[in-house]
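So, here's a batch of structures to check.
Same chain, two partners: subunit A is paired with subunit B first, then with subunit C.
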Partner chain A sequence: MMVYIFGGRVGVHMQLNWEFMIESLPLYGAAMWLTFKLAFWGILFSLLIGLVFSVILYYKVKVVSSVILAYVELSRNTPLLVQLFFLYYGLPKVGVHLSETACAIIGLTFLGGSYMTEAFRSGIEAVGRTQIESGLSIGLSKVQLARYVILPQAFAISIPSLGANVIFLLKETSIVGAIALMDLMNVAKDLIGMYYKTAESLLLLVLAYLVMVLPLSLVLSWVERKVRYAEFGD
Partner chain B sequence: MTHPEEILLEIEGLEKSFGDRKVLEGINLQVGKGEVIVILGPSGCGKSTFLRCLNGLEPVQAGRIHYRSQDLAKPDVDFREVRQHIGMVFQNYELFPHMTVIENILLGPLKVQKRSRDEAQRQAEQLLERVGLLDRKDAYPRQLSGGQKQRIAIVRALCMNPEIMLFDEVTASLDPEMVREVLEVILGLAKQGMTMLIVTHEMGFARSVGDRIVFMDQGKICEISSPEQFFTSPSTERAQHFLDIFQYDKL
Partner chain C sequence: MQNSGIRVLFEGSNFERLLGGLLVTIEIAFISIIIGVVLGTIMGLLRTLNSRPLKAILRLYLEAFRIIPILVWLYVVHFGFSPLLGIDIDGEVTAILVFSLWGAAEIGDIVRGGLESLPRHQLESGKALGLGTRQLYRYILIPQAVRRMLPGAINLATRMVKTTSLVVLIGVIEVVKIGQQIIELGVIKAPTASFWVYGFIFILYFLVCYPLSRLSKRAERRWQN
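Up next, the complex of A and B:
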């Protein structure tokens, strides 16, 4: 079945082969699932790293803090592509062989960890001195203070930047095709290469990302409103 | 109680500076069990800093603070332990905004003192009842007035069963109509024999609640006397001057 879409005034017209698009759906579905998995683990580990590292930085733990700061600089100032190549092509040279999936997740985590660390850190710094002192004055230990007083408030403050990082990392997965993973980018490239169905393949590619990112954005802004209200009532 | 039998807290030669700047110089004070000490003095004379030193929120440079056979001026003191016995409420000591009233109060008893929830909750509710806020126990701080928040902050400190309470201008940021409800709670504590060190600018309250008045100026204690004597005929000129300014403010 052929459908014609007319571009109106400019008179461009384009044919979309719907049959081809429907037949390609399973390929896109598989790639979306892969993207989802990579993003899920990458984001989860990034959040954990951010949480732990930001607390270590907050308490200025000797030596460890300097190492973390160096990591943050390194991670933020190198492209993900370079980080991936290092893991995928570089590590085998020194005898470390990782699967493509492991490389992708580690790469995303290496990148995301620093962004999440910074997001949590700015949230922690926004928690007032008096909050900390009133926690201390009831005898809380440093760890309890972080857990019950600082982090819940820091988390609420950081939510917008954490959310932005989540979306950023999800989109960054588009680069893992560079290490031979069949992600959305690679599926689209292959289809274009094999069948010359450029418009269809690209349209599906855009739609696939929208289907993943849009609901996530909506959920995140909803969470943001909820958490902010629960914490601060505004 | 001007001549208490048991000394609870004894401060000797306390010195504190911020950088080069001396903020407390040679503070000596003995606090008896059940005694209510009111600390008065002009702004910036070191009243808050003094109370903060007693609770380990500020490290000190010299002197001794004897409490429970420990010296709190030493650097290796376990203040987690000490803070369970010396409670404090400050001018803007906020409640934790992400917790309800009852959660605020129970955090210390449950997590620090590891008490049973039933027992701690019972005590918390009794204390809330006493300050007239039992019906607000599930409210969030943002839903409370300043006076209510400050009464909850007092309950939060009391629920740890402290031996000494420190109050630093707990009514200073409140609207006048709320000052009274907070001061009444503190008066109630005094009647029950709680040992307290109170910094306040409410002179009427100072006079009625204090066993002794400690007058500070420029980081030193200038005079220690009974409220009667202090408010009628202070022995130092500086104290007289301080009182004159307050009289003037009242007009």
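Up next, the complex of A and C:
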């Protein structure tokens, strides 16, 4: 594509080397698998944290709620890169040694936990008061109310923002290369450095993310439409 | 041991240097937001017009930033464009370019959302008064839409400040890079420096972003209802 944009002399150099691209596919495949694993664990733990923390916040548990609110602000207002550097380079100096993978998962969870907490919380808050009062009036206990009335509705309401967070975290994994993990970014960077196949390496990099994120994004907008239908339809 | 680590922050001009580095990231974010707002407003307005191809192109442009991580775009410009054009593009310029384009895409979406969320009767009343398209935008739609857009725009600013931390990975000398220099210099004298330096940078970012996100929440409560 860039061949035509810049034309002229550049065009000659921009001939894509397909053989090189096919040969590097396994490297990208391995990096995608790593990204997928890190994102999977990071997202799973974030969801768990978000679910637990939002319920604690909903019941306004003393002290714990304040700690959670402080965590949410800290996590949401600092960059993942700095969080990762602190975990990876800072903590060993005070005796806490973590592997690169552990750092990446902990970092993603630290970041994602707060986003998921907010998503669940706004879902819970959006459940109508009449729902809760009706539940109470037919004699449901606090636990039953949460289990059968609040959480199912809250979950449906939060699906769009939960999905957006999943995509956000998947994209954020692009930063883990900064702590020496052989992710997509580093594969591309290495290939550029070693073979000077810049256009090919970058094209594969963009395609790799496209392959991972686009289907998710399409599924999400489909689910979103379904949820909206569930809300307003019969 | 740990005392010597924290002292590194205040040795020589280290403290000022770190703040100076933070300023570099803030500057990149600030310039990009300004450019992003200008371009984004135009794009947002274009997206409310009834032109299918225009809508499709601008939507595609937005999705490119929503689907591909910003770091990838930074790499594409940094590693791809410089050799392609045969010139050396400065890291900061690369960063401002990418962040401005990203900002324009997101602001464009915020502007479109703001305009489309306005009740139809506002538009129709304006038309009934005999206002032209330009007057309609100037006096009715834009003033009301701006209020609806402000929380989202401030929120984007916070995200952008956080994301500027990535520019260290394309060789810009900013707060994280200066932190690394300080750590490397003090590697023998203050071996625990990295704990304190990264901890300090963490707090610095928080101090910049927290007021912004508070502002965004307040604007949301005040104006979105």
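Convention: the second predicted complex is superposed on the first by the 212 of 234 C-alpha atoms of A that agree within 3 Å, B and C clash if a C-alpha of one lies under 4 Å from a C-alpha of the other, contacts with A are read in each partner's own complex, and residues count from 1 in each chain.
Basically, a residue touches a chain if its C-beta (ideal position, glycine included) is under 8 Å from a C-beta of that chain, and two chains touch if they have at least 3 such contacts.
Being a predicted model, the structure only gives us computed values, none of them experimental.
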{"item": "When subunit B and subunit C are modelled together on subunit A, clash or fit", "value": "fit"}
{"item": "First (subunit B), second (subunit C), both or neither touched by A:T198", "value": "second"}
{"item": "Partner chain in contact with A:E73 - subunit B first, subunit C second, else both or neither", "value": "second"}
{"item": "Partner chain in contact with A:Y89 - subunit B first, subunit C second, else both or neither", "value": "second"}
{"item": "Winner by number of subunit A residues touched, once subunit B and subunit C are compared", "value": "C"}
{"item": "Partner chain(s) touched by A:S174 [first = subunit B, second = subunit C, both, neither]", "value": "second"}
{"item": "Which superposed partner A:L140 touches (first subunit B, second subunit C, both, neither)", "value": "first"}
{"item": "Which superposed partner A:F120 touches (first subunit B, second subunit C, both, neither)", "value": "neither"}
{"item": "Partner chain(s) touched by A:Y209 [first = subunit B, second = subunit C, both, neither]", "value": "second"}
{"item": "Subunit B versus subunit C as contact partner of A:F45, first or second or both or neither", "value": "neither"}
{"item": "Lowest C-alpha to C-alpha distance for subunit C against subunit B (Å)", "value": "24"}
{"item": "Interface residues, subunit C side, partner subunit A - complex", "value": "2, 5, 63, 66-69, 71-72, 75-76, 79-80, 83-86, 158, 162-163, 165-166, 168-169, 176, 183, 191-199, 201-202, 205-206, 209-210, 213"}
{"item": "Footprint of subunit A on subunit B - complex, ascending", "value": "55, 57, 79-81, 83-84, 87-88, 90, 92-98, 107-108, 111-113, 140, 142-143, 153, 156-157, 160"}
{"item": "Residues of subunit A defined as touching subunit B within the complex", "value": "128, 130-131, 133-141, 144, 148-149, 152-153, 156, 230-233"}
{"item": "In the complex, subunit A residues that touch subunit C", "value": "2, 6, 10, 13-14, 73-74, 76-79, 81-83, 85-86, 89-91, 93-94, 167, 171-172, 174-175, 177-178, 185, 188-189, 192, 198-199, 201-202, 205-206, 209-210, 213-214, 217"}
